[in-house]
Amino acid sequence: MKDAEAAVSTVGLTRDFGSFRAVDGVNLDIPRGAIFGFLGPNGSGKTTTIRMLCGLLRPSSGSGRVVGCDIAREGEAIRRRIGYMSQKFSLYDDLTVAENLTFYAGMYGLANAKRRERVDAMIALADLRGRERTLTGALAGGVRQRLALACAIVHEPEMIFLDEPTSGVDPAARRRFWETIADLADGGATIMASTHFMDEAEHCTSLGLMYAGKMLISGSPDALKRELTVAAGKIWQARVPDSIGFLDRIRAFVSGGILDAYIFGASVRVLACGARLPADVAGAAAWEEREPTLEDVFVHHVRSSAGMEGQRCDA
Amino acid sequence: MRRLRALIVKEFIQMRRDPLTLAMLMLIPIVQLILFGFAINTDVKHLPTVVFDQSMGQESREFIQSLSATQYFDIRGYAASYDAIRRAIERGDGVVGIVFGPDFARRLARRDGAAIQVIVDASDPMSASSAIAAAEMIGLRKSAAVVAEATGTGMSPVYDVRLRPWYNRDFRTPYYMVPGILGVILTMTMMMITSMAIVRERERGTLEQLLVTPMRPWELMVGKIAPYLGVGYAQLTIGLLVGRAVFRIPMRGSLALLYLLTLLFIFSTLMWGILISTVSKTQMQAMILSIFGFLPSILLSGFMFPRMGMPTVFRYLSMALPLTWFQIITRGILLKGVGLESLALPVIALCVLIAVFLGVSLFKFHRTLD
Amino acid sequence: MISVRDAHKLYGNVRALGGVSFDVERGSVFGVVGPDGAGKTTLLRMIVGVLSPSSGTVDARVGGDGSDSKRRIGYVAGRFSLYEDLSILENLALFSRLYGMDAARAASRSRELLELTGLLPFGDRLAGRLSGGMKQKLAIAAAVLHEPELLVLDEPGTGVDPVSRRDIWSVLYRLNRGGVTIVVSTPYMDEAELCTRLVFLHKGRVLESGTPDEICDRFPHRILRVRTDVPETRRRLADFPSLSVSSFGRTVRVVVDGADADALPRLREHLARAGIAADVDAVRPTLEDVFVLAAESGRDVA
């Protein structure tokens, strides 16, 4: 693969299941060494897209290239060079930790000394020392996840696909998991992960927001937040005495540049254009500017793409 | 090759971790063999019989005694009317009814067709057939004896039909049952195990992971089959040992040849299971499809019901069943002691079946999840 | 309104809950926050009364005596447990009858709730045909038909898209303003911030409790955020004295001791010496920061 070539690039990637369009014209351009996050709710097409890139599903239309090979015609070559961790952590419960690793190493053609060396390295990387002989079925969620990742990268692939890799795992284990991912990326691998945890998306270097099969927008988390501020204003937060009443009143101010308002615990948050909140909105409350969250970004884009009125400051 | 080895090693480890299933697989042949070896008997004796004797003479009593002596007839009672016989048969108290007319003795003395009515509950023709044959035989023999006495020519019949039952002189059912049951057991277990094999990976989610590796479909299939070849041979061995020790079945031919040819049979049955596994979406479907394959194997392969008696179309259908050819092989080698030359057809047939099953499996196997 | 004292729950050898204590005030929006397997569902089921603690007490004082309390509580379970082959209106009618409401009251209450949840135009649609978010809203409507004082929801935001999740929370806030006390469980830290008070649950024990602000203010450490384009920055900070260093894409969060007043300038120096161009500033800890450090140090705060 040429150095300058993107790790993953697709044009108009589409997949139908009967009359249901699961993935609708997705364009991707992921450079090598990136950690790309597919962010979106369940059913938005993330898993289907990843499966198409791995060669597990054929696209209905559109094209794509992964690690320099065409996904429709060069599936064999792609499969040898990628690692894949599926949503269900496909491990053999009746095999031990070491046996699972050895099996997958063998499946990727690693022999004898090299295989032993890699299995050992994976046990160290995934912090599985002392558990080599444990049956996989007896492992706790976070440990299974580490083993599944280890099995997916035992052959040192240059491209790694992770489908909802942290589902069902506690935040501490999730953090450690993303550390490992970051290390792999530093080592030159390209990672594509899908998740529906908005806060987890912050771990990625760039994101693609998926909703109803379409890619709404893509960019780094910071870029997306900046774009939101440019397009739709800033996020302000304050405690108000009657939050529901406040929301009802604010509806009248859409023309005044208030694009969204919602209750946030004991406070309210307002998305408003302009450098300051209009005085009649602000009232007596003490407003503080807050950094937009990826959820704010997401909601804004879903509403815009659905054609809802009043989603942009310049409109 | 490394991939294939990795797959085979994995299957062996998984098999070893499930000792319960393995133990059951070994015990099944023993239990089934003993059960069916003893239980099944196509030569039905001691049929309950009811007699309506209107002549009440010594001659009829003497005939009844001859019938009894064949052991095919168990005289349970005497009826007083035709109706009583009918009721007895309807109730199931009797399978055979024997009726002597009131003028039996007189007609016998005059050599004028002394009729004996043998009524048979033919709703189960297999049971009935032995009785019918025996009754007719008694009738003929006694007639011949009377004629011989009358003409003074001695007991030698004019047409002397001499029976020479080869291979199974005493018509002992176990001799052909046991090799048959062996094949049935192998078919059942081999097919069921492999039919679940690929589906289970699909349901557990591990198939997806395998598809993403450089693995080729044939490697997956051969890998799945490998450990069960061993199980099949173990079952064969246990079955033969039990057959010899308990039923004393003969082993006239070369056991080495039997073991060699069994490879083809086991392979083809395992491949059939893999084919089912490839087209099934759930384990339930796989199980049902196996039964659909298993049932014809029992009924059409010649295990219990002779193929010779089947309509042509079914006889051809049965050629698509591995068990049919295995019956020919086992009976051939164990009972008849034949060699490879006589078994060319089964060998070729099994090879063709293996090729067909493998080919269709590969064709139907989706390299993708759709 | 709800008082939990030293509640334990054992399933055979497995301790799902080990000595949990907290209070829920009337009128609050209370969150039980924790990952899968922390014991959230078990706790919620005990509050609602479908499960009893192995020891300790769970007291939901909802007025009336014991037999009446089921009328005062509404429950939305983790899995959709309404009838997929009945329409929205049919489902509501069924549940109103189960709660013993008379027809007229049921009709007006259903209408009121359908308007609140935005489901009014879809009254005749089969429940099985609704999107995840709409199903959840229907479940909420069905749970509050009988005007309970307490509404308990097991992971209402799970499996629901962000837009619907905002809608659902807006419904919950409105109900809360109308006087309903709300208890939710959630694995999402960002959803935790939507509550007025919460407890962190981890492996059946309480790690932290209080309002989101209190919990973050109590955090004894400081978070320094390093924004840079240089890869491997996290590794280069391995020798900087800190409690933990984690990377988030191109950002690194460094947790330093709260008492350390000049950690920020020192970090800037360290990076400059390493030749790494970066933006460094101090940021508020998030609930996730608190949770991760508490879980990792194995602390329990009852």
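Per-chain numbering from 1; labels A, B and C assigned in written order.
The working rule: a residue touches a chain if its C-beta (ideal position, glycine included) is under 8 Å from a C-beta of that chain, and two chains touch if they have at least 3 such contacts.
Fair warning: this is a prediction, and the values are worked out from it, not measured in the lab.
S.K.: What graph shape do the protein chains here make by touch: line, ring, star, complete or other?
M.R.: Line.
S.K.: Kindly work out which chain lies most centrally, taking the average of its C-alpha atoms as its position.
M.R.: A
S.K.: On a C-alpha centroid basis, what's the spacing between subunit A and subunit B, in Å?
M.R.: Each chain's C-alpha centroid was found; their separation is 61 Å.
S.K.: Taking each chain's centre as its mean C-alpha position, how far apart are subunit B and subunit C in Å?
M.R.: Here the centre of subunit C sits 65 Å away from the centre of subunit B.
S.K.: Whole-Å distance, subunit A centre to subunit C centre, using C-alpha means?
M.R.: Distance between chain centres, rounded to whole Å: 22 Å.
S.K.: Two or more other chains in contact with one residue: find those residues in subunit A.
M.R.: none
S.K.: Show which residues of subunit C lie in contact with subunit A when the two form their complex.
M.R.: Those in contact with subunit A are residues 29, 34-38, 132, 159-163, 166, 169-170, 173-174, 177, 188-190, 193-196, 202, 211-213, 227, 231-232, 234-235, 246-251, 286, 288, 291-292, 295-296.
S.K.: Looking at the complex, which residues from subunit B come into contact with subunit A?
M.R.: Touch residues, subunit B against subunit A: 2-3, 5-7, 9-10, 13-14, 17-18, 204-215, 367-370.
S.K.: Which of the residues in subunit A end up touching subunit C in this complex?
M.R.: Answer in residue numbers: 33, 35, 40-44, 141, 168-172, 175, 178-179, 182-183, 185-186, 197-199, 202-205, 211, 220-222, 243-244, 247, 262-266, 293, 295, 298-299, 302-303.
S.K.: For subunit A, which residues are in contact with subunit B within the complex?
M.R.: By the definition above, subunit A touches subunit B via 51, 54-58, 75-76, 79-80, 82, 84, 86-95, 99, 102-111, 135, 151.
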